[in-house]
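Both of the next two complexes hold chain A, though its partner changes from chain B to chain C.
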Partner chain A sequence: MIDFSSPRHRSKFGYLLLAPAVLLMALIIIYPILLSVDISLQDVRIARVGADREAWTLKNYDWLFNSGEFWNAVWVTAKMVLTVGGISLVIGLATALLVNQRFRGRSLARLFVALPWAVPEVVATVIWAWMLDSSFGVINWLLLRAHLISEPIQFASNATAAFFAVCLVMIWKGYPLMSIMLLAGLQSIPEEQYQAARVDGANVWKRFIYVTLPNLAPVIGVTAVMTTLWVFRDFAIIYVLTQGGPIGGTTTLSILTFEQSFSFFKMGQGAAVGVVTMIICAVISRALVGRFASSAH
Partner chain B sequence: MANIRFNNVQKSYGPFQAIRNFDLSVEDGDFCVFVGPSGCGKSTALKMLAGLEATSGGTIEIGGRDVTDLGPGKRDIAMVFQNYALYPHMTVRANIGFGLKMRNMDKAEINAKVEEAAAMLELTDYLDRRPRALSGGQRQRVALGRAIVREPSAFLMDEPLSNLDAKLRVQTRSEIVKLQKRLGVTTIYVTHDQVEALTMATKIVVMRGGVIQQIGTPEDLFETPANLFVAGFIGSPGMNFFRGPVEVENGRAVTRFGDQKVTLNVAPEKLSGTHAIFGIRPEHMVVGDTTMPGAPVALSLVESLGTEKILHFPTPKGQALEGDTGIEGSDDAERDAQTMLARVIDDRRYRDGETVHVALPEGKVHVFDPDSHVAL
Partner chain C sequence: MQKRSFLGSFGLYGTVIVVCGLLLFPIYWMVLTALSPRTQLRSYPPKFWPEDPQWNVFSDLLAAQPFGLWMWNTVLIAVATMILSLTIGVLAAYALSRHRLRGGQGLGLFILTSKMLPATLLVIPLFAIFKSLGLVGSLWSVVIAQSTLIVPFATWMLKGYFDTIPAELEQAALVDGCSPLAALVRVVLPVAAPGLAATSLYAFVISWSDFLYARTFLTTSESKWTLNVGIATLKGEFVTDWNTIMAASLMAALPIIGVYLFLERYLVGGLSAGAEK
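Now for the complex of A and B:
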């Protein structure tokens, strides 16, 4: 009998406790990844686990890198990551700074800032879809009443309008997470650093540049990674709002994966898009996390 | 370099008065220490001087200029914080030079001044490190460097030594004093440690409950404490107290310590009541000299520090200072009213339970009013 409390065997006990979790992870994460890599290397239309396998081929990847659809999706995704990530960072930081101040009704303000995050994605998107509707939508009505536009914006048929409509909803849904994370980051900055900076003669703006931002850098890094991955992964908002249309104007990599697999039933090609997306995400998050971790104190 | 003046400064948080009628004048080049137990308002007073807290009343002057409504950056002061408040993402060089950079000084000039300050503090080898790669003592020196490089008219220090270990604290203490003497900059230093206050200050301000108890040199406070609180707070170990009757004999006031008559150095007409509180410092007790009038006491505990010994013995029956007198020991946690201490330096060996002769020399007994606790 092994005494697990002895110093020699303590680590074995640790591995034993970890084992169920590791096995579960392997089953629900590693196995599907391997499975999709496997499918992406086969020329199949409808993949069925246990069916006769096709021979491995690079045909799907060949299609991928030579098709306009894939490069369009990469371009749309990149634009969307930058637009959504950038704007929600600015709004998130602004709201976090706001609700970090002491004022009457601060807890209510914090609740409102976090509210969009709590609304289910599909529910929020359906509401926005109605608000953005070109015939009945309140947004077009408002813009018309304010004489900012002379005729309704066709959010469903104009590719640029559709792209920005999707970005708008994503920012609305995504900035609260930024805000919450940054607020936590702000609260962990020691008050003395601000006091020292004030005694050193730094004004509000300089305190923001030299104290707040550098102290927030690690949090901004982590949050940027999370938002980036979320935009890569998000399906519901785009699919409910535009289904990737018009003419691929909002087709991101995840929409393309779904389309290839379940609309066109080209699961080999869909899996190939998925695998490439996964590699891009891994590279981006590694780069961002590594960079911000080294800039952290 | 400048003098500092507080004119009837007040601070209240809602109904709570944190600082009351704070009047103080610090001369140019003084090393002034604010000392008191936690919550006495010493840090608040310093922050008001720094401009980090607003005053609720009164005015503050630095170098003859009313700074009450100026921001911290415009008061020409530098501050050292308890936890150093270094910017973790900047190198030591950038940390020290930050205040100069904020004042838009020329880069080469900043660099020269930073190098000079670093040399003074022996930080030259660490200029390109970040604070996290430094030891506590080095961080403390960086914080000092950030203050001296600005050449301000006053240094404000908020318990700068409390995060250091005991040995380093003693060492840094003397370094700060030497530095201050060399630069001649008026310094306000906040601490709860009366030993720091006594060893560093040219002027001490003892505070309690937002009110100044006494202002004076270390010698003043030690020899002529203004009241019972100051008497108990200053000195280590703290002053012994006992209650006693007041009688007049041959035109001189006397009291009793046990069976022993103690002649007092106070004019009898000052002692209006029938009894008073008396205090004597442990180092002023005379042990073993039977030629002096004294009382035999049984030692309950002997603490030996080598040649120096602290002798514990019970306060004479009925003379202990019971109840809430508002006295706080500064470093010993609880003051035990039932025990008195004598501090002796000799080579004689004392044993627990031994009976020794203790005398209270005439000039060394302090007398306090039993109600107001003011020294008489």
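Now for the complex of A and C:
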């Protein structure tokens, strides 16, 4: 029996504690990733683990780069990342600034302002699907009432409308994260910096530009990366709201991966899309994290 | 800070109320729709106040749909995932926090990067593996699949908590002849209890919100569905039953909203540990 409390064996105890996690991750993350690369290199419909494997081929990647579907998904994903990221950053920052003011009941307001965070994605999507309903939805009613539109918007059959409907749900689910993180960032800005700026005669706007924003830059960077990766990887909102339709108008890379694999049962092609998505995600997060980390110092 | 004028604070409160009202309107609409009679939902103009709340919608739901079963499945999966992830996460996080291990840094980096994995990619090889193990259709498949996200998340979040607990604490216990494992269980864990609770609840929230894995692995029989799969299917099938769908949604959202009210002050720690979003 090894005495783990003696200093000589302390690190062995550490490795022992780590072993279950390492083992599990190897089994359920690393092995599946390697397997998905393997599947993406095979001309396979329903993938199985076992002897009946196919010879490696680049057919799926050939399909990927030469089909309109992949490039459409890249374009849809990029548009969605920019729309959702941009608008939820604005709402997140505005709400964070608002509940950072001193007033009575502020902790309650903080609780409320980020409440959509606590609504499960499927539930959020179903609520919006009802509000956006083309016959009896409240949003069409309000828009008609305000004479902004002359006939109800068909959110299910119009590709542009469907795209914005998905963005709307994503923004509603995505801004609380921005708000919570930015509020924490705001609270960590030393009050002295504001006082110094005031002494120098800076008005509210200048204090925001020269004190608040530079201090928030690292937080904005991190949350932007998190939101980008979330939009890239999200499945539930798009799938429940539009299933990627109409005519691919809301088919992101994530939806294309799933659609190829589990709707058309072309898992080789699906895995190829997924592998490329994973590489894009890795590159983006490296680039963004690097840039904002350096701007923080 | 200068004192705010009466008009200024009036404007501030007005803004807060309008902003919260707009942002939370969908939640109100869900509650209102759930309580409305079905016929009223197909009439214009919509009613903005429940004139005739139908409280029996919840009992009808439990009677008509296998809704209770879906909720039970969701709870089972969430609890199993939580226990599995927390057990493994506590051990790994403690090791990463206290021991300078070779490869420890690499593992930390791996944990951080694992949250970038698109779940729609991971679901393909997992499907192939579960298919050959005969696990497709079993709740365990979802527990294992969710662990790919929740174990790294719990490990990272717990490491943050352990880092704040001084190492002298368990060193004193070790000097008193306590074994290292007993020192972790009896000395460190009680001190880390708030962190453990926050991480568990977080794990619960992530598990409860899962749709992709349940949708892919549990399609075989309706009795194995989770709440999210059930609600998404209700939306597809009975498009006019919006009051039923909203009642189901409300019941699926309430536990998470409850957890949120409790978790609020731990949110930042959890979000930066890389929760779902």
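Some notes on this structure:
Here is the rule we use: the second predicted complex is superposed on the first by the 278 of 297 C-alpha atoms of A that agree within 3 Å, B and C clash if a C-alpha of one lies under 4 Å from a C-alpha of the other, contacts with A are read in each partner's own complex, and residues count from 1 in each chain.
As a convention for this text, a contact is a pair of C-beta atoms (placed from the backbone, for glycine too) under 8 Å apart; a residue touches a chain by one contact, two chains touch by 3 or more.
Computed from a predicted model, the values in this text were never measured in an experiment.
After superposition onto chain A, the modelled positions of chain B and chain C are compatible, with room for both. By the touch criterion stated above, A:208 is placed in contact with neither chain B nor chain C.
Touch criterion not met for A:164: it reaches neither chain B nor chain C.
In the superposition on chain A, A:141 contacts chain C only, with no contact to chain B.
With both structures placed on the common chain, the touch criterion links A:14 to chain C but leaves chain B unconnected. The three-chain arrangement built by superposing both structures on chain A places chain B and chain C 80° apart around the Cα centre of chain A, to the nearest 10. Of the two partners chain B and chain C, more residues of chain A are touched by C. Between chain B and chain C, the shortest distance over C-alpha atoms in the superposed arrangement works out to 6 Å. Every residue of chain C that touches chain A in the complex is listed here, in rising order: 1, 9, 12-13, 15-16, 19-20, 23-24, 26-27, 29-30, 33, 41-46, 87-89, 91-92, 94-96, 98-101, 104, 107, 110, 113-129, 131-132, 144-145, 147-148, 151-152, 155, 174, 178-181, 205, 208-209, 211-212, 215-216, 228, 231-232, 235, 242, 245-246, 249, 252-253, 256-257, 259-261, 264, 267-268, 271-272, 274, 276-277.
Within the complex formed with chain A, the residues of chain B that make contact are 50-52, 71-74, 77-79, 81-83, 85-90, 98-99, 102-103, 130-132, 146, 150, 156. Note for the complex: chain A touches chain B at residues 190, 192-193, 195-203, 206, 210-211, 214-215, 217, 295, 297. On the side of chain A, the complex with chain C involves touching residues 4-5, 10-11, 13-15, 17-18, 20-22, 24-25, 28-29, 31-33, 35-36, 39, 46-50, 91, 94-95, 98-99, 101-103, 109-131, 133, 135-136, 138, 141, 145, 172-174, 177, 180-181, 184, 222, 226-227, 229-230, 232-236, 239-240, 253-255, 257-258, 261-262, 267, 270-271, 274-275, 277-278, 281-282, 285.
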